[in-house]
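Chain lettering (A, B, C and D) follows the sequence in which the chains are written, and residue indices restart at 1 in each chain.
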Amino acid sequence: MSERLTRDRLAEIIAADIPSGSFVNLGIGQPTLVSNYFSSDQKVTLHTENGMLGMGPVAVGDEIDEDLINAGKIPITELPGASYFHHGDSFGIMRGGHLDICVLGAFQVSATGDLANWHTGDPGAIPAVGGAMDLATGAKEIFVMMNLFTKTGESKLVPACTYPLTGIGCVTRVYTDVAIFEILSAGVRVRETYGMEFTELQSRVDVPLLPPEN
Amino acid sequence: MSERLTRDRLAEIIAADIPSGSFVNLGIGQPTLVSNYFSSDQKVTLHTENGMLGMGPVAVGDEIDEDLINAGKIPITELPGASYFHHGDSFGIMRGGHLDICVLGAFQVSATGDLANWHTGDPGAIPAVGGAMDLATGAKEIFVMMNLFTKTGESKLVPACTYPLTGIGCVTRVYTDVAIFEILSAGVRVRETYGMEFTELQSRVDVPLLPPEN
Amino acid sequence: MPTLTTSAADAVAQIPDGATILIGGFGKAGQPVELIEALLDHGASDLTVVNNNAGNGEHGLAALIGAGRVRKIVCSFPRQSDSQLFDERFRAGLIELELVPQGNLAERIRAAGAGIGGFFTPTGYGTLLAEGKETRMIDGRGYVLESPIRAEYALIAAHTADPLGNLTYRKTARNFGPIMATAATHTIVQVSNVVPVGQIDPEVVVTPGIFVDVIVDLHQTGLGNGVPTDAYTSGKVSA
Amino acid sequence: MPTLTTSAADAVAQIPDGATILIGGFGKAGQPVELIEALLDHGASDLTVVNNNAGNGEHGLAALIGAGRVRKIVCSFPRQSDSQLFDERFRAGLIELELVPQGNLAERIRAAGAGIGGFFTPTGYGTLLAEGKETRMIDGRGYVLESPIRAEYALIAAHTADPLGNLTYRKTARNFGPIMATAATHTIVQVSNVVPVGQIDPEVVVTPGIFVDVIVDLHQTGLGNGVPTDAYTSGKVSA
């Protein structure tokens, strides 16, 4: 049995799962790691919702230009063949279903692919949504990348989200440190487990799981 | 008493009535004559709904470029400071109320400024609307330019349009060969008559008219 | 990555009978003549075509209509001095017409591309063209609810492409191309020249390559062999 | 014709208390810092501000909020690591927050500029942010009706202007500027340089001058004395 996945190894697996030629948006935080693992012949084009297709790696040194940032407000670079557009057009690309895949972090994902990733519901919290709902609603497929369990050991794959929703039925795959899940109309299938047998995984996740296919 | 206005004289009067610095769309046909009478210090910018601001005069000879036409599909020229945009943005300029004045032809105008200029309602006619409804609805002011009477002598300024409407309550002024009318909330005021006394005008127009102010 | 070809015939070969097709152009400017002619040769029929007009003269869209391939046309201005091929079929009841004010046509196409389910427009309110449509008063003004116009295919013309499908247009030939490219599942564009990746300044791209599926290179420079020929591809990347 | 000035103070002098103001920028990129500072000095209060964020650090929009000038903010992402000036006032109940998903924010601004009375968007359907809003199923998918966001003023930053108000932007600093320019009665833009009329290629204009009322020339080249400094103004007209 293989070990639990590190974040980098998880990012590498996600990158490998993205078909050649895809248009992809990587959410702020963990999902940005995925960009480190695309192969050069994979020809993935990255979208950043603040108005660009063809985003390159993070800018360093002299490359830093305050007019060229990503959605996380980190200075980035431009690849040959890039294009710029305004916010109306940029979210039109998302909402219009033109992105193939969006990789997002999550607080919770439900058995039917509902996503909760913007708000803990804590009455003291100041809510901030940014482009999360647009991304969740717009891309053809939503891949979630997260640790499967909270610090207190509760599964973040749940029968129904208890945190406020970001989008309904939008998640197609959930990539976690201990398992990869596919959200299908037939249910949630485990594609592979890491550092944990299927039986133990099922005992800790309160969602009926379909075992890996051989 | 002055004479009835020729089309060119009418175009000259309309041009003089357009405030300096205005953004203007001139409808196909008669209204295009107006562009011949703008003074150079009037700084009027012409919009053509097929995607341009800063339209210049009709192209002649070597200036003709099949990629540069106006809404009437006539080859035109480009002035310094022009800009191009797609149809979505071009009609956004109109619908969003950014044009100051649009000059249109008409079959009929009602006493409350309803406009009929796209369809005779003849069951044998093939209807074609083009941008007429967008122009009627979008510009801050609609000036109509037309002969006041049909060939059979009926007034085209009417109590209510009998032809299918283009827009409701949109016309602010009506420029005709025999009189200029202002459509006000108080009623229709005659600004000036040409070749006809006010009394005769009123006898031939079935709309209560307010006489010219002195 | 779009497919790059020099064959308009190959580009339209997959279009099935019964397809809905957005066709760019306003008059002749921006009309994808070679693609329309290839579609005519291809033989697909029972088509629904969305274009501003219903064909002029005897070529292009007019020929497609004249050949009886178009079941329905969605347009703003069918009747023109030289729209005789449409006129004949329309009077004979052989073609269906959905007449849409030009700005509503543009906005409905744009809405499809931008994922908008419907929108309230003031244009057409109170007229024949709003009959049967939902209306609403908003802040004292009348609006009509209009729906997006999606299509399986868009056939458009642009000026310059790179192999990633980034497009620029020329003057008023831009017209419907950029919005139609966003509203179709398959966007096929004919261009006058193809330049290598990196030679179109990212600031001046009008249609990003994400919207383009097939590029037909009319100038036949071939992949990456094109050279930028004018200002529309200039800029710091190529400088 | 817009007014051309080198004084940000003059540009914002007419903004009254209680105004609704669209402020461009995403983070620092495209933020009209000089205009916001002039607005702070000007002293207008009781403002409703529309921006993607609610200020960062101690300057610009954050300072305006910190000084108590903003009654209400409409934004998508108020809470950040350095949004302390907003956070304090929000927790103290001193500022009203309308939280809008970023794409709905953009589309609502665009709708105002394009004369759309309202639109159905899938974003936010079934979430807290759609509570109390009209919803509708269209072709089996849930949509929320959103309304346009209009304003008396827009304060934006662009890269280059000509004296007619035609604007170009630079990289991701473009963001909200072009749509905000369309949605305000008075659009005030600060630019890095002003070039003579005819030196911006008509093909690369992003915001046509019709949307611009006041140009603040930060580079202070003065009317018509500017020279084009880079690719964004190149093209055949200037060549």
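Note that in this section a contact is a pair of C-beta atoms (placed from the backbone, for glycine too) under 8 Å apart; a residue touches a chain by one contact, two chains touch by 3 or more.
No experiment lies behind these values; they were computed from the predicted model shown.
Among the remaining chains, those touching chain A and also chain D are C. Here the spacing of chain A and chain C, counted between their Cα centres, is 34 Å. Distance from the chain C centre to the chain D centre is 31 Å, each centre being the mean of its Cα atoms. Chain A and chain B have Cα centroids lying 54 Å from one another. Counting partners per residue, chain D has 107, 110, 114-116, 121-122, 169-171, 202-203 as the residues that reach two or more other chains. With touch defined as above, residues shared between interfaces to two or more other chains in chain B number as follows: 52, 78, 84-85, 91-92, 94-95, 138. Per the contact rule defined earlier, chains pair up in contact as A-C, A-D, B-C, B-D, C-D. The touching residues of chain B, when paired with chain C in their complex, are 48-52, 65-70, 73, 78, 84-88, 90-92, 94-95, 119, 125-134, 137-138, 164-168. The residues of chain D lying in touch with chain C in their complex are 107, 111, 114-122, 136, 138-139, 141, 143, 147, 168-171, 201-204, 230-232, 234-236, 239. Interface residues of chain D facing chain A in the complex, by the touch rule stated above, are 26-30, 76-80, 87, 90-91, 97, 99-104, 106-107, 109-110, 121-129, 142, 169-179, 206. Taken in their complex, chain C has these residues touching chain A: 1, 110, 112-116, 162, 164, 166, 182, 197-198, 200, 202-203, 205, 208-211, 237.
For chain B in complex with chain D, the touching residues are 21, 23, 43, 45, 47, 52-54, 78, 80-85, 91-99, 138.
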